[in-house]
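What follows is a set of notes on a single structure, which appears directly below.
Should a chain be cited, it is by its letter among A, B, C, D, E, F, G and H, assigned in written order, with residues numbered from 1 in that chain.
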Amino acid sequence: MTDKQDSLDSLLQAVQSNQLSISEAKTKLSHYDELGFAKIDLHRRQRQGFPEVIFGEGKTTSQIIDIISTLLVHDEVVLVTRVDHDKAQDIIAKYSHLEYHETARIICTPINNISKSKYYTSIICAGTSDLPVAEEAAVTAEVMGIHVKRFYDVGVSGIHRLFSHIEAIRQGKVSIVVAGMEGALSSVVSGLVDHPVYSVPTSIGYGANLEGVTTLLSMVNSCAPGTSVLNIDNGFGGGYNAAMIIKMIEAY
Amino acid sequence: MTDKQDSLDSLLQAVQSNQLSISEAKTKLSHYDELGFAKIDLHRRQRQGFPEVIFGEGKTTSQIIDIISTLLVHDEVVLVTRVDHDKAQDIIAKYSHLEYHETARIICTPINNISKSKYYTSIICAGTSDLPVAEEAAVTAEVMGIHVKRFYDVGVSGIHRLFSHIEAIRQGKVSIVVAGMEGALSSVVSGLVDHPVYSVPTSIGYGANLEGVTTLLSMVNSCAPGTSVLNIDNGFGGGYNAAMIIKMIEAY
Amino acid sequence: MTDKQDSLDSLLQAVQSNQLSISEAKTKLSHYDELGFAKIDLHRRQRQGFPEVIFGEGKTTSQIIDIISTLLVHDEVVLVTRVDHDKAQDIIAKYSHLEYHETARIICTPINNISKSKYYTSIICAGTSDLPVAEEAAVTAEVMGIHVKRFYDVGVSGIHRLFSHIEAIRQGKVSIVVAGMEGALSSVVSGLVDHPVYSVPTSIGYGANLEGVTTLLSMVNSCAPGTSVLNIDNGFGGGYNAAMIIKMIEAY
Amino acid sequence: MTDKQDSLDSLLQAVQSNQLSISEAKTKLSHYDELGFAKIDLHRRQRQGFPEVIFGEGKTTSQIIDIISTLLVHDEVVLVTRVDHDKAQDIIAKYSHLEYHETARIICTPINNISKSKYYTSIICAGTSDLPVAEEAAVTAEVMGIHVKRFYDVGVSGIHRLFSHIEAIRQGKVSIVVAGMEGALSSVVSGLVDHPVYSVPTSIGYGANLEGVTTLLSMVNSCAPGTSVLNIDNGFGGGYNAAMIIKMIEAY
Amino acid sequence: MTDKQDSLDSLLQAVQSNQLSISEAKTKLSHYDELGFAKIDLHRRQRQGFPEVIFGEGKTTSQIIDIISTLLVHDEVVLVTRVDHDKAQDIIAKYSHLEYHETARIICTPINNISKSKYYTSIICAGTSDLPVAEEAAVTAEVMGIHVKRFYDVGVSGIHRLFSHIEAIRQGKVSIVVAGMEGALSSVVSGLVDHPVYSVPTSIGYGANLEGVTTLLSMVNSCAPGTSVLNIDNGFGGGYNAAMIIKMIEAY
Amino acid sequence: MTDKQDSLDSLLQAVQSNQLSISEAKTKLSHYDELGFAKIDLHRRQRQGFPEVIFGEGKTTSQIIDIISTLLVHDEVVLVTRVDHDKAQDIIAKYSHLEYHETARIICTPINNISKSKYYTSIICAGTSDLPVAEEAAVTAEVMGIHVKRFYDVGVSGIHRLFSHIEAIRQGKVSIVVAGMEGALSSVVSGLVDHPVYSVPTSIGYGANLEGVTTLLSMVNSCAPGTSVLNIDNGFGGGYNAAMIIKMIEAY
Amino acid sequence: MTDKQDSLDSLLQAVQSNQLSISEAKTKLSHYDELGFAKIDLHRRQRQGFPEVIFGEGKTTSQIIDIISTLLVHDEVVLVTRVDHDKAQDIIAKYSHLEYHETARIICTPINNISKSKYYTSIICAGTSDLPVAEEAAVTAEVMGIHVKRFYDVGVSGIHRLFSHIEAIRQGKVSIVVAGMEGALSSVVSGLVDHPVYSVPTSIGYGANLEGVTTLLSMVNSCAPGTSVLNIDNGFGGGYNAAMIIKMIEAY
Amino acid sequence: MTDKQDSLDSLLQAVQSNQLSISEAKTKLSHYDELGFAKIDLHRRQRQGFPEVIFGEGKTTSQIIDIISTLLVHDEVVLVTRVDHDKAQDIIAKYSHLEYHETARIICTPINNISKSKYYTSIICAGTSDLPVAEEAAVTAEVMGIHVKRFYDVGVSGIHRLFSHIEAIRQGKVSIVVAGMEGALSSVVSGLVDHPVYSVPTSIGYGANLEGVTTLLSMVNSCAPGTSVLNIDNGFGGGYNAAMIIKMIEAY
C-alpha cells in the first residue's frame, strides 16, 4: 500500500508545484478509489483488534500454513476454523506455539494468552451432538477476547435442566443458542432473557430435519422477539457477533 | 344394508334346501365381497358411537343439509366441520336443534346433551390466532363424548404461563398442542407429560413460516419422544385421535 | 437429588425455628425452581416404568458404555437405539446380560425377562426394506412391556395380503404403520380400524421419494381421520407412543 | 400450404426441364424443411380423428369464439377445456349446437352425437371435490369417441366402496384415477388391475398438501408398477391418453 | 390356495347337509375375504403371463437367490432389476441358464428364448448417461415379450438426430422417452407421434437438476398432451406400462 | 401478583408460627412454580423499560383497544405493529394521544415524547418498496428510546449511493439492512462496518424470489461474518434487537 | 453534482496555491469517494444511451409521474415497465407525447421516433399466454434502439411451426426465448442457432409448474450450451441484455 | 453424410433425365428431412470454428479417447471438460500434444497455439474455492480463441478488492461472475458495468446454501438488470456464451 500512499503525496505535491494541472489531477484522482477503501479497511482491522479468520474447510494444509505465516508477520492473533484432526497435526507440528481445539475444529493462538472481557456471553447447547458447533462459537469468542460461559445439554425435552441455569444465563450480555432438530430452545431462551440471542441451527437431526433447514426455518419463525439467526452450523458467526457486542459494551 | 344381509341368509338357506348347487353358491359368494366390508364398517360405527363427520369446506349449503338429513335418520350425533358463518345461519335455520360454534366453525348436536368421559384431554394453545384450530379440536372431542380442558395463550415466549397450568395438564390422559410459528410448545409439553401428545401445526405465522409447513416440519422433528403430528390446521384430527384413546381407557 | 430435598427441609426448619427470616427464606426459595422440576421429572420416570432411552447414533462405543453403566445402577431396563453391528459387539462383550437385536439395531434388557401387557399393538409393514424401522418400533414397545403382533410385507400393491390379517389388526389397541414410497398403507389401515394409528414414514424409495419426505407429506395428508405421523424412520417414536396408550388402558 | 406444394412441383419440373441446375435445386430444397413437417402434421390429425383441443383458461371469450369458428370450417369435433360458467353462456349463445358440461368446465360437440368405442376406460374418483377433474377426463374421452364408466366417491378411507366395483373396473381397458390428499387410491387400484392406470393428482387437500404437489409426488412413488402420472388437475391429459390406447386396441 | 378352496366347498356342503347352521356359516364366511382376493390375484398373473418382478436394490444376494428359486418352481420367466455387477456374478454362477444385462442391471430369463410381439415400443434416449435407465426399460419390455426398437443419443440439442428416426418412431405403438437435464425430449416427441408416450426422467444432470426432480417436474408440465410420467430413473415402470398396452393391442 | 406474594409471606409465617407443618409447606410450595416465573418476568419488563408489543395483524379493532387499555393502566409506552389504515382510524379516534405511523403501520406513544439514546442504529434500505419494513424497524427502535438514522434507497445496483453514506453508517452502533430480491446489500454492508448487522429480508421481488424465501436464504449465506437474519418482513425484530444492544451500551 | 465537482476544483486549487497542506488535502479527499462513483455512473448512462428504467409495479401513479418528470429534464428516452391499464391512462393523460403498449404493460417514448439498429434480436414465444412477457422484452429492446423480429406461438408441441422460421431466427444476432410450462423451446432453439440465447421463463402453466419455478429450473438445466436464464416473467431483462450485445456489435 | 449427399444428387439427376417422375421424387424427398438438418448443423460448426465439446464427467477414459480420436480427424481443436486428474494422465499419455489444465479440469488443444481475440472477457471470482469453476470458464473461452482477463478473490465481503480492478473490468466486453454463498458479487458487478454479465453460481457454501441452489436463486433475483444466469458450477456455459458475443463483435 505504501507506494500508493506515496504516489498520492506525489500527486498533490505535483499540483502544489504546478507540475500537474488541476484537470489532469482530477483525472488521475479518479483512479485512486480503491486506495481509499483499502486504507480504511486496514484501519478497521487495527481498531477492532479482531483476528483475520481463515476458513479451513476446502483448503489444503499447505495453503493454511501459507496464510498463517502471513498473518504471523502482521498480527498476534490466529484463528483457523474447520480444521480436521489430520490437517491440524501437520499445522501444529510447524507452529507449535498455536493450539488445536479438537471439538471446535479450531487452530488458534493459545486462549490463555488472551485477556478476557469482564462481561460474558452464554453458549447454550441442546444436545451433545451439537457440541462441535457450540465449541466453534465458544473458541471464536475467546480468541476475540470474550469471556464465555458454557451451558451444555440443556435441551427442552427436559426443561428443568435449562431452568437450573437460567439466572446465570440472564446475567450474561449475549446468548448463543446452538440447537438442532426442532430448535425450540431458541424460543424458550429468547423468552427468558432480555439481551440479544443468536440462534445457530445445527445439521443434527434426521428425517424431515433436512440437514438443518427445518431447524433454521423454525428459529427464524421464533415467537419470541429477541433473536436472530445464523446459517446452519455457523458457530463462528454466532461467536463473532456476540464478541462485537461485548467489545462495544466494554468500550463505553 | 339389511336387504343384502337377507340375501346372504337366503343364499345359505337355498344351499341348505338344495335349491342352489354348491358350485353356483360359490360363484354368487364371489360377488359378496363388498357386502362383508360394508357390514363390518357399519359395525364399527355402531360399536364406537363415533359420529359420521362431514367436512364442510367446499360443500354447498344444500349439500350439507342433505347429508345432515340422512344422518339424522340413522344417528343421534351430527358433526360438521369447516362451516363458515353464512352457511351456518342457513343450516341452523333449518335444523334449529343443532348448535353452531363460531370460533370452531362447527355445527353439531348440542354439546350439553352429550354425556362426557370421566378422564379429559387437555388442549393447549400458543396464541389467540390459533384458537379456531384449537376449538375445532375441542368441540370435536366434546361431540365424541370427551371431557376437555382448555389451556389457551400459553406460548413459550412467556413460558411461566405454561408452567402455571402444568399440573392440570399432566393429570389429563392426552394432550393436544395447537401452535403456529416455530411450534416449540409441542416439544416443551411433550417433555413434561407422560401421556400421548398430539401436535397440530397451524398456518399462523408469516414469512418463512410457509403457511404452516415450517411448523409441521419443526413438530415432526421434536426432540421429545412422546408426540406425533397432524396435518396443518387439522384440529379435527387431533380431537378425533384423543377421543379414541380416552374411549378405550374408559372401556376397560 | 436427596441433598436438595434435605436443604428444602432444612430451609423450612430454619424458618420454623426463627433461624431464617421470612424475607431471607423468600430469596433462597427463588433458587429452588430447578429442584421442583428435577424432582417431578424423577417421579415421572418411576411412575411410568418407562426406560431411559439412549439414542446411539453419533455416540462412541465408550460413551454408550458409560451411559449404560449409569443406568444399570438406577434402573433395571436398558434401551439403546441405532447401534450398528460393530459397536454392538463391543457393548455386548462388556454387558453380556444385555441382548442385541440386529435388524432393529437395538441393545436392550432381554425381552423375555420383561412381562408383557394383555393388550397388543400391531406393527404393520409394507415391504422388507422397511423392516429395520418396523423392528425398532416393535422392540421399543416390547422393552416397555407391551405385547406386539407383527404383520409384515402387506403393502397395498397386493392388498389381499393386508385383508387376510385385518381381523387380528382390528383386535389390537393401537396400530403402527411403517411404510416408504407413497405410504398409502397408512390411509388404508386407518380406514379399517377404530383405534389410533401411528404412521411412520421410512426413507425407503427412490427418485422423487426425496428420502422419505414425500412419504411423510403423503401420510400427513391421509384422507382417513384416525392417524398421526412420526418423523421419517422414527420407529422408536411409534413404539413409544403406542406403549403409552396401552399402559394407560391397562392401568384403568 | 398449397402454394408451397405447387412450388415443390414447379421446382422438380424445372429440374426435369433443365431450367434449374441440380446444384441450384439442392440449395432451394434446403428451404422446404418446414413444408414437410406441416404436411405430416396435418396428416396426423386427419388419420387420428382426434379433436384439436382449445385450452380455454386465460383466453377471452372472443378469442375462443374465433378459434371455434376456424375449427368448425375444417373439423366436425370441438373440444374447449377450462371454460367457466360465464364465458360458456356467451359461447353457447353463439354456437347453440355445442353443449356445455358445467362440472367438467368443457364446451364440446354434443357427446350423444359421437359414436363410442366398444371398450371402455374407467374413471375412478376419491372424493366429491375431485369431480371437476374427473369429469374433465371423462368428457375429453367421450368427445374422442371413447366409452367411459364412472366410479366416483370410492376413496380408500372406506375401501369397501372401491371393492364393490372392482370387477367392473378390471374389465375396462384403461383406468384413470383422480385423487387429491395422499393419493393412495392410485396405488390401490394399480395393484388390483392388469391394464394401464393414469393417475391424475388434484389440488384438493389442505395444509401440507401443497396444492397437489404432495399428491403428485406420492403418485409418482407408487409401489404398484402399472401407473404413470399426469400434471396436477390435468384431467384432460388422463382422458386423452386413455383414448389413444383404446383407439389403438379397436383399430387392430 | 387349494386347501382354502376345499374348505369353501366343505363349508357349503356342511350347510347343505345341515351339519352347519346358517348363522354359523355366516360367521365362518366372514373369514374368507382374503381367499377371494388371493385367488383373483393368482388368476391375474396367470392370465397376463407377466413376470413376478424382483426389485434387487437393497436385497442381499442370498435373498435374491431364494426368491428366484421360488419363482422357478412356478414360473418360466425371471426378472430381477437393479442388480449390480458383483451380485450378478454370484447369482449367475448358481443359475447359469439366466443371463445378466450389465447396462440394464437386470438378471432375467434369456431374452432370445422369449417370443416377441408383432408391434413394438420405441425407446428414445437423450444421452449416453441415460443408457442404464433406457436399457432397464428395454429389457423389461423384452422379458415381457415385447418387440423393442432403440433410438439412443437423440437429444434435442441436435434435433436433426431425432428427426432422422421420426418415421420409425411414429410406426411404433408406444414410445418411452428417457431423458435427464431439462427433459425437453419428452415434449418434442409427444408433439410428433400419435400414440402414448411414457416419459422417464433420469437423475442425470448437475446443479439445479436436483437429482432428477427438475426433470420430473418439467416432464409433468409438458405442453404436448400425449405423455405421462414415471418416477425418476424408473425405466422398469416405463417398460412395464408399454408392455401392457402392446399386449392388449395384440390380444384383440 | 401481589396477592400471590402475600400468600408466600403468609405461608412462611405459618411455618414460622408452627401453624403449618414442614411437610404441608413443601406440598404447598410445589404449587408456586408459576409465581416465581411470573414475578421474574414482571421484573424484566420493568428493568428494561421495553414496551409490551401488540402484534396487530389478525386481531380485531376491539381486541386491540382492549389490550391497549390494559397496557395504559400499567405502562407509559404503547407499541402496536401491523395495523392497517382503517383499524388505525378507529383506534386513534379512541386514544387520541397515540399516533399512527402509516408507512410503518404502527400505532404508538408519540415518538417525540420519548427521550432518545446518544448512540444510534442505522436503518439501510435497498428500494422504496422495502419502506414499510424499514419503517417498522425504525419506529420500533424509536419507541424503545433509540436514536435512528435512516439511509434509504441505497441498493447495490448503484453502489455509489451506499458509499456516499458509508461513514455515517460506520459511526452507528448497529445496522439494520432491509432488502428484498437477492439481498446483496446485507453482505456489502456487513463487509464495510465493524458492528452487528441485522438483516431483514423482505417479500419484495418477483418470480423466483419466492415471496422473500430466496432473500432470506441469501442473507443467511452471507460471505461477510458480522450479520444475522430475521424473518421475512420482520422489521420489528430488527428494531427490537438493535434497541437491546444500544440500551446495553448506554447502561455501562 | 456540480457543487461537488466545484469543491474538487477548489480543493486542488487550494493545494496549488498553498492554501491547503498536502496532509490536509489527503484527509479531505477521503470524503470524496461517493463523488467519484456518482460521476462515473453518470458517464455510463450518457455513453450507452440506455434509458433509465422505471419499474412501475408497486409504485403509485403520482410516484411514476414524478420520476418521469425528472427523467424528461435530463433524458430524451422514457421507459416504464409493469404499468397496468388504469395507471397508464392517468399517466398518458399527463404526458400525451408518450405511448402505452397495453400487452407489454409499458409506457415509453414513441418507438417510431427511435432509430433502430441494423441487426436484430429475435423474440421467440411458445404460447399466446406468454405474450405479455415477450412484448415486454420486445418493447424494451425497441426503446433501446434495437431492431426486433417477433416469432410467436411456435411452441415445441407442434415443432414444424418453429422450423418454418428457423432461417430468419438464425440470421438474428441474439434470440430471446419466452416460454412457460416445461420450457423446452429454450433447449430446441439453443441447439439450432449459433448466437446467444436468453431464456425467459414465464409463470404460465398450472399444477406442478409452481408459478414458473419449474420452467426456470428446466431452462437452467438446458442440454444445449448457448443459453442463459433470466428471472420468471423478466421480459425486460431479456430485452436489456440483447440490446447491450447488439449495441456492442454495431459500435465496432 | 457423403453417401446421402450423393443420393440427393442422384435423385435430382434422375428427375432431370426423366428416370424418375415428379410425384415419385416428392415421395422420396420426404425421407431426406434429416439430411437437411445434419448438413446445416455441420455448416454451423464450420462457420463458427467453435469446438465440439466433450463433457467428460461420467464417461470412461476409453470413451473419451475414442471421441477425441474422431474429433482429431475432422477438427483442429479439442475441448474436454470435467476430467479428473487420473483420467487426464491416461489421456495425455496417449495424446501428448494436448494439455491438461488441472484446476479447470480441462483437456484441450494447447491454448498458446490458438490465436486470441482483440477484445476480452473478464472472469471475476469471489473466493478461492470457486477457482475450478472460474477456470473452466476461462479455459473454455481461451480454447474458443477469446482473450481472457482474470480477477480472482474479489468477493464483496471486502469490496475494495473489487473496486481496485473495476476500470479494467469495465473495459472488457463481457463479464463472467463466478460466486457461491449469497452470490452478491453478481449484482454489484452488474451495477457497475455496461456490458452483459454472465452469473455462474457455484456449489460452494454450506448449510442453507443448498449446494448452490440458494446462490442460483439469488443471482436470478439480481436487482441489477444486465445479468443472466447459468446452471450451478457451469463455468463452461459462461465461457461459451461470452465467446459467442466477442466473436460476433470482432466479426463486424
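One rule holds for everything that comes next: contacts are C-beta pairs under 8 Å (C-beta built on N, C-alpha and C of every residue); 3 or more make two chains touch, one makes a residue touch a chain.
Every value quoted in this text rests on a predicted model; they were computed, and no experiment measured them.
Chains that touch both chain B and chain E: C, D.
Put simply, the chain farthest from chain F by mean CA position is E.
For the self-contact between chain A and chain F, the two sides draw on mostly identical residue numbers; the shared fraction is above half. Spacing of chain A relative to chain G, judged by their CA centroids, is 40 angstrom. Work out the mean CA point of chain F and of chain H, and you get 50 Å between them. Within chain H, the positions touching two or more other chains are listed as 33, 36-37, 40, 158-159, 207-210, 216, 220-222, 225, 231. Interchain contacts (touch definition given at top) occur between A-B, A-C, A-F, A-G, A-H, B-C, B-D, B-E, B-F, C-D, C-E, C-F, D-E, D-G, D-H, E-G, E-H, F-G, F-H, G-H. Across the complex, chain H is touched by residues 44, 47-48, 50, 53, 173, 194-196, 198, 216, 220-222, 225-231, 236-237, 240-241, 244-245, 248-250, 252 of chain G. Those residues of chain F whose C-beta lies close enough to touch chain H in the complex are 126-127, 155-159, 181-184, 186-188, 190-192, 205, 207-210, 214-215, 217-225. Against chain B, the residues of chain D that register as touching in their complex are 128-129, 158-161, 163-167, 204, 206-210. Within the complex formed with chain E, the residues of chain H that make contact are 31, 33-38, 40-41, 57-59, 63, 201, 203, 212-213, 216, 231-234. Residue ranges on chain H touching chain D, taken from their complex, read 8-9, 12-13, 15-16, 18, 22, 25-26, 29-30, 32-33, 36-37, 39-40.
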